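There are structures below to look over.
Below are two complexes that have chain A in common, paired first with chain B and then with chain C.
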Partner chain A sequence: MAEVIARMPLESDATHRRAAPKLRITRTALLIPVLLFFAAFFFYPLLTMMARSVTDVPEGAGALSNFQWFFTEESNLRIFGRTLTTAARVTVFCVLVAYPMAYAMMRARGAWKLAILGVVLLPFWISTVVRNFAWVVILQDRGVLNYLLGLGGVPAISILGTKTAVTIGMAQVLLPFAVLPIYNAMQRIDPNLIRAALMLGARPTVAFLKVFLPLSAPGLIAGALLVFVLSLGFYLTPAMLGSAQDAMFAQIIFRQISELLAWGRSSAMATILLLTTIVILTVGSLLTRGMRNRSASQPE
Partner chain B sequence: MSPPMSNHITAPKRRRKSRIGDWALFGFAGIVAITLIAPLLIIIPMSFSDAQSFAFPPRGLSLRWYENLFTEEAWYRGALQSVGIATLVTILSLVLGTMAALGVSRLKGFTQATISALILSPMILPTVVSGVGIYAVFLKWHLTANYLGFVLAHTALAVPFVLTTVAAALKTFDRTLEYAAASCGATPMATFVHVTLPCIRPALASGALFAFIASFDEVVIAQFLGGPELKTLPVQMFTSVYVDSDPTLAAASTVIIAVTSIAIFIVMQANRRRGL
Partner chain C sequence: MLKSSPANLASQGLGEALSIRNLTKRYGANAPAVENVSLEIQAGEFVTFLGPSGSGKTTTLSMVAGFTEVTSGNIFLGQQPIDELPPHRRNIGMVFQSYSLFPHMTVFDNVAFPLRRRGLGKAEIRQKVGRVLDLIQLTDKAARYPSAMSGGQQQRVALARAIVFEPQLLLMDEPLSALDKKLREQMQLEIRRLHKELKITFIFVTHDQEEALVMSDRIAVFNEGKLAQVGSPSDLYERPQSLFVANFLGDSNIFRGHVHTESESHILVNDCGRFFAPRSGEMSASGSAAISVRPERMRVLPVATRCEDANRVVGRVSQIIYIGSSRKVEASLPDGTVIQVREQPRDQVEVQEGAEVAICWPASASTLLPVHQGANCG
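After this line comes the complex of A and B, so read on.
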C-alpha cells in the first residue's frame, strides 16, 4: 500500500482509506479458488497419506509398526541408502558439468548465449520418456555407442542397466536445475572485483579461487540442493535405464502400491521420502540464506 | 573476466593464456551441447527402421511404425487421451495459475513467501509421494480411470509452472498502469482484460506450454489413475520399452519431438515480438 500512496500524491486521504480494503478483497478473491483447489486435490491427499502411515497397520500392531518395518528390513535401508548415494553422485556430476556451462553462458554473447541456454533448457521441454528412450537406444548392447566403438575397433561395453547409465540419464534431466542458479549467481558478480584482484597482482587461478568461486558459491549450493532433492524422487529414469536389482526409493514405493496394495507401508515410505525432502530443503535454504547475508553484509 | 587492462607488459601473455582457456571452455560447452542434443536426433532414423528391434544402425527403411502409431488402438487412443487431458489441464491451470500470480503479487513478505511456497510445492515434491496420496483419495472419490481425476491431479502439477512464468512477468509489469485504469473508472475485470492481460500474454504462452507438457509428460500418477480404457501415451510408451521392444515408440517419440519443437518455436516468436 505504501507504494500506492507514494505514487498517488494528489488523491485525498479518504480515497486511500476506501481503496485499501477493496484491494484486500480483490487479492483474497484471487487466491481463494487456487488455495481451495490445492487444499482439496493436493494437500488433503498428502495429509491423508501421512495419517494412513500410522493408522493403516496390521491388527494389534503399534501405530509406528509401518515405520518399524521400514527401518528393520535390511533391503529397505539398502534401497534408501542407494537412493541417497545415487542422488549424491548425480549432484556432483551435474555441478561439475553445470559450473563451466554456466560460465560459458555468462561469457558468450548474443545468439551464442541464447543457444547455450536453449540447449540447457531442452530437457524441460522434450518428453522425459522420449529422452530416456534415446539413452536406451544409445547405451544398449547393440546400440549407437557400441556401433561407434566397433567402428574404432574397440570392444563393446555393456552400460545399459548399470548405475552409470542411470547417472547419465538423470544428470541430463537435472542439468538445467544446476545451471540456472549458478548462472544467476555468476551474473551478479561485479567484474570489477576480478579486475581488481588481477590488478593487485593475483594470478588468474588465484583470482578465480579466492574471489569468483566464493562469490558464486550461493548459486552453486542452491543448484546442488535442488538437483539432490529432485534426484531423490526419480522413478522413470532408474526404471528405464537401471536394473531391477538397483531399484530406487520411488520405484519400491510404486511397487508396494501397484503390485502389493500395501497402503500402510507405502504411505509410511512416501512419508519418509516427503520428510527427507523437506528437511534437506529447509537445512539447505537456511545455509544459503546465511551465506548470502554474510556476503551482503561485507563492506563494499 | 576480461583480460586485465592495466599492466601492458604482462597483458599479451595473459591474453594468449586466456584465449586457450576460452577454447577449452567453449569446447567443453560444445561437447556438453552435443551430448544433450544428439540422443534426440538418433531417435529419428530409428523410427524409419523396418526391423522389430532398437538395434543400431537400422538396416532397411519403412513407414510401418508410423502406420502402427496411427492404426493400432493402444497407440492412437493413448495419444488422443493425452492430448485431451493436457488441453483441459492447460486451460484450468492457466486460469488458476494466473489468478494465483495476480493474488501473490499483491501480497508481501512472509504471507507471500508462504502462499507461493505452498502453490509451488508440487514442483519440488516427488510425484510418487503426491501420487500415493492422490491415488488413495481419488479411489474413494471415484476419480480413478476417468478424465476428471487425471485433469484434477495434473492441474495441481501444472499450476506452479503458470505461477512462476506469470509472476515473473508481473514483476516487470508497471502497476501504475492498473491504477491509472482504475482511477479512470475501469472495473477490476476490465482493468485486467484491457491492461494487464495484453502485457503478460507472452508469459501466458510460455506458461501454457509448460502446463501442457507437465501433463502430457506425466507417468507416475498416470499409472496410478489409469485403467484398461484409459492409458495415456507416455504410459503406453513407457510400457512398450519396458515390456517389449516396439519401434512404434520411436515413431511416437519423433512425432512428439517435432510437435514440441514447433510449439517452442511459436512461443519464442510470440515472446520475441513482444521484445522479450
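After this line comes the complex of A and C, so read on.
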C-alpha cells in the first residue's frame, strides 16, 4: 500500500487522466441522494408554485393577473409594507442586542465563553411552539410581566397582541443568527490593532468606531441580512403573539389558501416574497464582498 | 531603502529621556513577571531589551506603552510621570511584531491616522504623510491596502505610522521577527539609520542576541523578571557579569572551580589546572567561581609547542568545522567537557581530528564570574 502511494507522483500523466474522471463520478455519486431529495421536495414544489402563479388565473384573464391583483389591492401592499417594517424592527432589535453579546462572548474566557454560547444557542434547543406559549404566559394581561410590574407598583400594561410582543418573540428566535456571524467577525480582529490605534492617539471610543466597528461590519451585515430575510417569512410567532389586524405576509398567504382556496393568488404572493428575499440577499452579499475584497486582495 | 530624511523632519523629533524606577509587575500570587527593574535611558539613545521569552522584557515594554498596569514603581518620560496615563495620551510611537496595520485603510490613511487623531488640517496631513512615505520610499504605494504589500513594505509603513506624529520615544516589539534573514538584516541597518536621523529615543525588544549587538547603543539583558546587566554591546560581550549573560550573548567556554586572589590576578583552580583572570574588584577573595572565555580569544597549538599565554589546557580534537571566514575547532578535555575555539585563517595551525592539542589564551581573555557551586574543566 505504502509502496503504491510512494510511486503515485511518478506515474505517467495518462494514468492520472484516466483516474481523475473516476474520482469525479464517485464524488457526484455521493451527492445523488441529497440532490434527489431536493429535487423532489424543494425544487419541484417551488417550480410548481411559481408556475401556478401565472397559470392558475381566472378564465379570460392574462397570465399576470394574479400579480396585477396583488399590486392593485391596497390591503396587500399595506401588509407587505408592514411585513418589511416588522422585519426591519426585529433586525434592529437583534443587532442591538447581539453586538454587545458577541463582544462579551469574544472577551470571555473558559467557562464564561461556554455559558454565553449556551445562552445564545438556547433558542435552537426549544421548540418554537413551546417558546411562543412561554411568551404568551409572560406577556398576557395577567401574566408574569404584569405581576412583576405590579410588585414594583407600576400599572399593568397590555403587550400581548401588539407589534411589540411580535418583535420580542421574533427577535428571541432569531438572535443566534445575528450573534454568531458577528462573533465570528470579531474573533478575527487582531487585538493589537486596537492597541495600535490607542498608541497612535485614538481614545478608546474612537479606536472602537474607526477600527473595531469597521472590521466587524461584514459580520454585522451578514447577521442583519439573515435576521431580516428570515423575519419576512415568519408565520407562527405573529399568529400567536400578534393580532389579526397586524397580520404578516405569511399569514395572508395562508389565508388565501385555507379560507379562499386561491392557489393562484397565494402562489403569486409567495413568488413576490421569494423575489424580494433574493434581491435583498444579492444586494447584501455584494456589499460585504466589496468590503472583503478591499482588505484581502492579493499582492501583485 | 530609506532615503535621507529632509532636514526639518530630523530636527523636530528630538527624543526624551525615559526613566524606569523600581518597576514591578505581579500577576496574582505568582513570581513577579517584572521585579524591581530600574533603568535610565538617555534622550536619543537606542536601547535594546534582550532576553529569552518570559524574561520580562515584553512586560516592561508593555508597561511603558501603557497596556499593562504597573504594580509598583514609576515611569518618567522626560520630567513627566506617565505610568498613570492611558496609552492614547502618552504620545509614544510603537511598532508591533505583527505590523498591526489597519487592513481596512490604505497606506495613506494608516499613516494619516495619528495625525487625524491630533486634529491636524488636511494640507498639513498631506504634507507630513508625504514626507514620511518619501522617507521609507513608498510614495507610489500610498493608495494601496496593506494586504497588497510584502512583509518588508508593511513593516516600513508601520514604522512610518509610528514616527509621523513625531513622538519623543519609539517602542519596537520584535518588529523584524516575521521577516526572512536577508530582509531582517537590511531592516536592522535601516532602523539604525532612521534612529540616527530622527534623533528620537528608541527601545527595541528582541530575543535575538545578534540583532541586539548590531543595533543598540546599549543593551538591557533581562532574565527571570530582573535586569541581568545593562551596557554597551562590547561591554556585555567582553565583560559579562554573570554566567547567564556570558551564555546568552554569543558563545562562551565556561570553566568552573575554586578561586583565590593574588596580587595581580584571580586564579581559578580545578582538575584541569590553574587559570588566570585579570583582577576584578567585586569578586570575593575566595570561593566558587567560573571564568568565561570567548571561542575567538583562544588558539589551538600542537601539544609540544610552548604557550606564550598565561592559560593552557590540553585536549583532544573531536571536530574541525570549516565555516569559510573562520574555522571552528572542538576539543574535549580529560573530564569530557567540550570547548570551542574559533580561529581566523591566518592564525590557524595544522591540526588533525583526534590529535592531542594545547589550547591557549591570555589572562585578559578570561572573565571571572560568580557562581554558586560546581566545578568542571570547560
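Here, the second predicted complex is superposed on the first by the 277 of 300 C-alpha atoms of A that agree within 3 Å, B and C clash if a C-alpha of one lies under 4 Å from a C-alpha of the other, contacts with A are read in each partner's own complex, and residues count from 1 in each chain.
The criterion applied here is as follows: a residue touches a chain if its C-beta (ideal position, glycine included) is under 8 Å from a C-beta of that chain, and two chains touch if they have at least 3 such contacts.
Small disclaimer: the values here were computed from a predicted structure and weren't measured.
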Chain A residues touched by each partner, larger count belonging to chain B or chain C: B
Touching partner for A:204 - first (chain B), second (chain C), both, neither: both
First, second, both or neither for A:77, with chain B first and chain C second: neither
Which superposed partner A:253 touches (first chain B, second chain C, both, neither): first
Which of chain B and chain C A:244 touches, first, second, both or neither: neither
Partner chain in contact with A:195 - chain B first, chain C second, else both or neither: both
Partner chain(s) touched by A:63 [first = chain B, second = chain C, both, neither]: neither
Partner chain in contact with A:213 - chain B first, chain C second, else both or neither: neither
On chain A, positions contacted by chain B and by chain C: 195, 198-199, 204, 207
Complex interface listing, chain A residues touching chain C: 190, 192-193, 195-204, 206-207, 210-211, 214-215, 291, 294-300
Touching residues on chain A, where the partner in the complex is chain B: 3-4, 7-8, 11, 23, 26-28, 30-31, 33-35, 37-38, 41-49, 52, 97, 100-101, 103-105, 107-108, 115-116, 119-120, 122-138, 140, 142-144, 147, 172, 175, 191, 194-195, 198-199, 204, 207-208, 212, 226, 229-230, 232-236, 239-240, 250, 253-254, 257-258, 263, 266-267, 270, 273-274, 277, 281
Chain C - residues contacting chain A, complex: 65-67, 86-88, 90-94, 96-98, 100, 102-104, 113-114, 117-118, 145, 147-150, 161-162, 165
Residue ranges of chain B in contact with chain A within the complex: 1-2, 4-7, 14, 17-18, 21-22, 25-26, 28-29, 32-33, 35-37, 39-40, 42-43, 46, 53-57, 96-97, 99-100, 102-104, 106-107, 115, 118-119, 121-122, 124-138, 152-153, 155-156, 159, 175-176, 179, 183, 188, 209-210, 213, 216-217, 219-220, 223-224, 234, 237-238, 241-242, 249-250, 253, 256-257, 260, 264
